[in-house]
Amino acid sequence: MSALAEMLQGEVARAAAETLLTVENVSLTFGGVRALSDISFDIRKGEIRAIIGPNGAGKTSMLNCINGFYHPRSGRITFKGKTRQRMRPYEAASQGIARTFQNVALFKGMTTLDNILTGRTLKMNRNFFWQLLRHGPAMREEIEHRIYCEDIIDFLEIEHIRKTPVGKLPYGLQKRVELGRALAMQPDLLLLDEPMAGMNLEEKEDMCRFILDVNRHFRTTIALIEHDMGVVMDISDRVVVLEYGHKIADGTPDEVKADQRVIDAYLGVSH
Amino acid sequence: MFYREAGQFKTTYASDMAVLPILQDRIGLAVILLIGFVGIPLLGGNFFLQTVMIPFLVFSLAAIGLNILTGYTGLLSLGSGAFMGVGAYACYKLTTIYPGVNIVIWIVASGFFAAAIGVVFGLPSLRIKGFYLIVATLAAQFFLQWSFVRIPWLYNYNASGAIEVPQRLFAGIPLTGANATPVTRYLVLLGIVTFLTWIASNLVHGRIGRSWMAVRDMDIAAELMGIRLLPAKLLAFAVSSFYCGVAGACMMFLWYGGGEANDAFNINQSFTILFMVIIGGLGSLIGSFLGAAFISILPTALKFGVPALGIAIPGTVAEHATYILLGALIIFFLIVEPHGLARLWQIGKQKLRMWPFPY
Amino acid sequence: MTVTASSPAAAEADAILSVNNIEVIYDHVILVLKGVSLVVPRQGIVALLGANGAGKTTTLKAISNLLRTERGEVTKGSIEFEGQRVDRLSASDLVRRGCIQVMEGRHCFAHLTIEENLMTGAFTRRDGSAAIAGDLEAIYDYFPRLKQRRSSIAGFTSGGEQQMCAIGRAMMSRPKMILLDEPSMGLAPQIVDEIFEIVRDLNCKEQVSFLLAEQNTSIALRYASWGYILENGRVVLDGDARMLRDNEDVKEFYLGVSGAGRRSFRGVKHYKRRKRWLA
Amino acid sequence: QAAAQDQIYVPLLTYRTGPFAGSGIPIADGMRDYLEMLNQRDGGIGGVKIAIEECETGYDTKKGVECYEATKSKNPVVVNPYSTGITLQLIPRASVDKIPILSMAYGLSASADGNTFPWIFNPPVTYWDGASVMVGYMAQQLGGFDKLKGKKLGLIHLDAPYGKEPIPLLQDLSKRYGFELKLYPVPAADMQNQSGIWLGIRRDRPDFIYNQGFGAMNPTAVKEALRNNFPIDKLVGVWWAGGDDDARAGGAEAKGYKSLNFHQAGTNFPVIQDILKNVADKNLSKVDNRNRIGENLYNRGVYNSMLIAEAVRTAQKLTGKKVVNGEDVRRGLENLNISEQRLKELGMEGFAAPVQVSCSDHNGHNKVFMAEWDGSKYVKASDWMAPLKDEVRPLIDSAAKEYAAGNSGWPKRTEACDKAT
Amino acid sequence: MDLIYSIFVDPFLQMAGAPDLLVQTLWEGFVGGILYALIALGFVLIFKASGVFNFAQGIMVVFAALTLVGLYEKGVPAFLALALTIGVMFLIAAAVERVVLRPLVNQPDIILFMATFGLTYLLIGLGEAIFGGNPKVMIAEQLYLPKGAVDIKMLGGVVTLQKIDIAAAVIALAMIACLSVFFQYTRIGRALRAVADSHKAALSVGISLNQIWVIVWFLAGVVALITGIMWGARSDVSFALQVVALKALPVLVLGGFTSIPGAVVGGLIIGIGEKIGEFYWGPLVGGATESWLAYCIALVFLMFRPQGLFGERIIERI
């Protein structure tokens, strides 16, 4: 058991040598508000990287910059060796960045299954005319992806709501479906924005399990924003701490936990 | 009790992904098609075919078109009337330039012209959203309508300025023109509608339909999932206008048999179709049919049905009553079920499933 | 097994809110609450706990009369606020009577500034602009972050800022009772503590009663005096907060402390399945 | 029971609702009341009762066609579509259904060609006739056709096929006589919002304006003319722009506004008196106010029904049958010849000019006059003027040819012509 | 070459050549714009307060004007008729709130939009049944609205200003000023904007939608009445007037759905733009451009400002 864990750890460490994403000197402003100033950090292949910080620190904005929804005013972002200044969100998606959202952004009118299948859009390439027929190759393709999605549904244990429109699901399940949708994209980098908000302990544990499994089995690199320090400290490999748009700390959970600035700005006394 | 999936196991994904996975639904569809293709032509009189069924089918087609745009992709449009007009004129030009080609081919082909125009007017949709998009489509509506009057080439320089539908044969029987019987026109129209509905259902149930709905529900998230917004929206415009265009061609050639297109494809037409879509249920193909039935048949039924029951009311009073009743019914149905008749239908099925228990 | 210790007689006598055996149906067909009863004593803090989809939000909405806007309705049972039936009133009547809800998922007015958002909270008040301005300052004191962002459009502020705004907005109406739906969601740990301190503050100083639906069980039970655990639309367990905290099952599944202290999230077992009180 | 064996079924497609109800109501009342008067006074036509049935179209083509379909099965002897849009729809159907269409001074101008359109009738004049009279009138006012050179005629028209109808003829005439033609199209949606158009008129200062408008466009045009100080007596409307409501909106200042007409307004005719006596007094009329009997458009309805009745009568004479059918009435219409003498018998002396329709000429290109608004009603302000038939007829022939060519499979006329009676 | 000349040079030469006509065109555009703004104002009021896109505004204009004239024709003195009409508008507002809006609270915009269309049908039917389809003459004189025109000699020509137009402009601007203040600076104004943002959240903070809706629909009814009087005085009062209301759409969109000053500025841009366009460029394409020019003008502005000139920012956040 522990041998296996060690082996896994070792693999993670080896993979960690490679960086997947680097953020260099990124700044972002909105009118007078400096959401991010001069942030730099990197994410290594295969690790779980947490981003934490007080409310309004710029965590979500950082993710938005990474996947092209916001365009930083200055600075560079390099993903898989490619540097870019501006890009459209769908380009980020096609390069292998997927994410979940702080305010659940599911497609409310669609069923769970359809939502997850949407994540496969980039992987489906039968053209328009086959789509018109929805038979033969188009159907085969559809089934192939359906099987993939069913695996995800299985994995996330949401079989029972497969055909329920997501708009009416309770909040916690919506978050889970959202994770499923992101997983369906088979991303290289998975950005999770507060995936565990609004969940109770048990559900958080489930969610951690999913995240860890994804990380281990699919080697998916994960960047995670979360306010539950227990979760962050337990599952992440390295942590960046932001405050008012500045980076105030970066390191392993234990290092960060001990950092006085982090304690003052964010953790407070009780942790 | 009678309507439930219990006992119907699906062993393959293909059967689970069928549009109608439940046996009862498939039987129902078969029965409807049978009635449509056999029962109605046999039993319905010419009046019924001409003033009830043919308009209903034409409007259903247009409503499907608009539903693809508004219901599935979430882009509000008030230009569908004009796009129908484009189809009608395209068909007219095509069949007068190439009289030898079968008219049914031209009716369907005219949709492509409407699609092209639709794409042009859909371009602003990337930047303009929500109710604001109405303006782009209204610009289309009024500009196209203006062109229909202003470009005499479109109506072959006719002195009347109207589309004059020539006689065309289909399998040796007149299909358009004065000598075409309502039955032939109805059957061909039903064929077109059935075929195009099948296509539409394929589209909306597959990848493309999903990306449309994603754009509708949350366009930003859709883009982050790798759906390119502009192509998706333009495709919706194209497909939607295609359907409207075919509906327009059908309207002129299989229903009206010619006339002032400027007048027939006005803004009221666009509104009418939008209402069909909303009353029927946004994002539902069945809803398109139900909405078309409601809005196109109800006034006729009130006008001719009530006197037929022996209640003599003067035409004007009937007309006013029709307006009042139609207005009241629209509000009533919206209150009962804002998601349209299609949803009502679903809830009905749900209740049937539970029957005899209330929930 | 139901551990229901009957609610303290004192609370029964002076309940600010009592919900009696309500049933809620959405869309005419979806039965969500199957007979929920609960009592909030005057000046009490009561926690409503339960898994996702248990029906916490639904219960709160049923109380605040917001259900109707979602095509849901209370089909059985009654709800009394300060001794009067309120289940036929409109949501705004209830606010006027002093019971306000903070909705799950923030729901700020996106196009209004933070300050305007807070001011809408005072809509039902009639005690003059000076008092309102005073309260506004008090809220800025509670949430300094809001003061910094007071003239920002709410839709552009961060998730946590919106959450603070929603809570502050409700406080602006000077209610007698606040229904808080997931107040801690999306807030930094420090702020979470602060919010609960505020709750306690209001409760002690201004005699405001609270009904909290909260996922963060440990903190909720720390501040609440009484707790209800909801499962599948039914109350399965209720009791004194301290008693609940000591309940083994609650400890195991809601607080994450098993015999050996806090569990690590890394070591969660796959086969673990929570015990359900209901089959 | 409307189609009972011993009745003549005349459906009236009318529009008492919708945006054009203002014109539709008086016309509908006039049509109905005249036929009702015949029923009351004479017991119908030739002793056969007329079954009158109104069907509401709301001036909407779809509803109009529905009405046609609904009435078709009851053996109507003639159908009056009362909208150009509906007429265009019915033209191809008429020959198949064997129902004559009477589109009185509206509809498709080309349908005046009886050889191509045996089932369609549009007496007494076409829009082209009207426009030619307008040019004649202009010449008369200026003192001769040679004085037209260098003058400007403005055409303000509804921007729809109906409104554009006079353009080709006026273009021909402007080339011939050397006057300048200025076009002022009014979009249907902006009928009540013409200030931009009238700015253009102010700039161009046309000498005369001919108004081919309808509905709410007309009162607005009259008001705008007044607002813009355009000499109101130089504004002439086609007959459909001659409703009392059209001019009344301008108030007393609209005095002098003119409109072409082929029948008189007012109640000073025996026929209108008969209606008052036999219909209005018996409370059988639908008019909301007795004063509206005798209004211009009311009398137009009366005139229209007179044509129907005369066609039926002629058909009865031709066939010797009492109860005639559509085919008979088609023949009746082709042989319609309402002389001065006959008008007198009808109580319409001075009310209208004689009308004659023939087998090849389904219109007759009959005379019209200028009606002038005197501040409260229309009065006759000119002699009867004949259209420039020589200019109009070739246009009709070519248009009819084009129509037949455009509608491949358009049937050749098979109906025989009756010998002139 | 000719084309370029006639598009880019000739119109300006014309403007310079006859400056009086240019001034007149601008004035007509201004007046037209004010009238558009009046219709748009009715829309804005309701949209701002409930997020409802009120399609029935056009028919409300007709209905109000018809009631006024209809009552007068029945022998009610003009000002009493005016007062009664205002009463009727209040009843309509109350009925709409009770029957249509209250059951549909928190529904998607498009559903409410559709409901107002049902309302339109209802009002058309009722209006025609009660008042008949005949067009009626507006009782402008009886209401002491000025008649006649002022001729101003300037720039080598005469510019004619109709007194009724001046009155319309004054009334409209005064009303717009009042309403702007009402929305911007009062408690109710803020509440209205909150309601438009989210029905549910507004309910949750205790804003009573019922009262607010009655107030706002009533205000919109009064605006409709004034609009009806002004438009009616220009042509006549008939159901065709409803169509003009469509013109309010580009105005609204251009100004921004939620902005009262936007309605005015939008109205003026559209009014003046389409008059100038039709007058100087219209003849090049055969005229009648007014039917679509307004929409194209609005479209051009929207491409640069998708929320309209004064509309609230479109919030895109995730």
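Odds and ends about this structure:
Going by the order they are written in, the chains are A, B, C, D and E; count residues from 1 in each one.
Basically, contacts are C-beta pairs under 8 Å (C-beta built on N, C-alpha and C of every residue); 3 or more make two chains touch, one makes a residue touch a chain.
Given the structure is predicted, the values throughout are model-derived calculations rather than measurements.
Shared contact partners of subunit A and subunit D, listed by label: B, E. If you take subunit B and subunit C together, the chains in touch with both are A, E.
Remark: among chain pairs A-B and B-E, B-E carries the greater number of C-beta contacts. Chain centres here are Cα means. That of subunit C falls 45 Å from that of subunit E.
Per-chain CA centroids place subunit A at a distance of 49 Å from subunit E.
Taking the mean of the C-alpha atoms as each chain's centre, subunit D and subunit E sit 36 Å apart.
Note on chain placement: the centre of subunit A and the centre of subunit C lie 29 Å apart, centres being C-alpha means. Multi-chain contact residues of subunit A (touching two or more other chains) are listed as 60, 69, 101-103, 105. In subunit C, the positions touching at least two other chains are 30, 156.
With touch defined as above, residues shared between interfaces to two or more other chains in subunit E number as follows: 128, 246, 286, 288, 291, 317-318. Contact between chains, per the stated criterion, is found for A-B, A-C, A-E, B-C, B-D, B-E, C-E, D-E.
By the touch rule above, subunit B contacts subunit E in their complex via residues 70, 76, 124, 127-132, 134-136, 138-139, 142-143, 145-146, 149-150, 220-221, 224, 267, 271, 275, 278-279, 282, 316-317, 319-331, 334-335, 338. Residue ranges of subunit B in contact with subunit A, taken from their complex: 13-14, 17, 199, 202-203, 205-208, 210-211, 213-214, 216-218, 220-229, 235, 283. Contact residues on subunit D toward subunit B in their complex (touch as defined above): 14, 16-17, 54-56, 58, 61-63, 65-66, 69-70, 72-73, 84-85, 88-89, 92-93, 95-96, 108-110, 159-161, 164-165, 168, 187-189, 286, 395, 399, 402-403, 406-410.
Every residue of subunit B that touches subunit C in the complex is listed here, in rising order: 347, 350-351, 354, 359. Remark: subunit E residues 53, 99-100, 103-104, 107-111, 113-115, 117-126, 128-129, 246, 249-250, 253, 257, 285-286, 288-289, 291-292, 295-296, 298-299, 302-303, 306-308, 314, 316, 318 touch subunit B in the complex.
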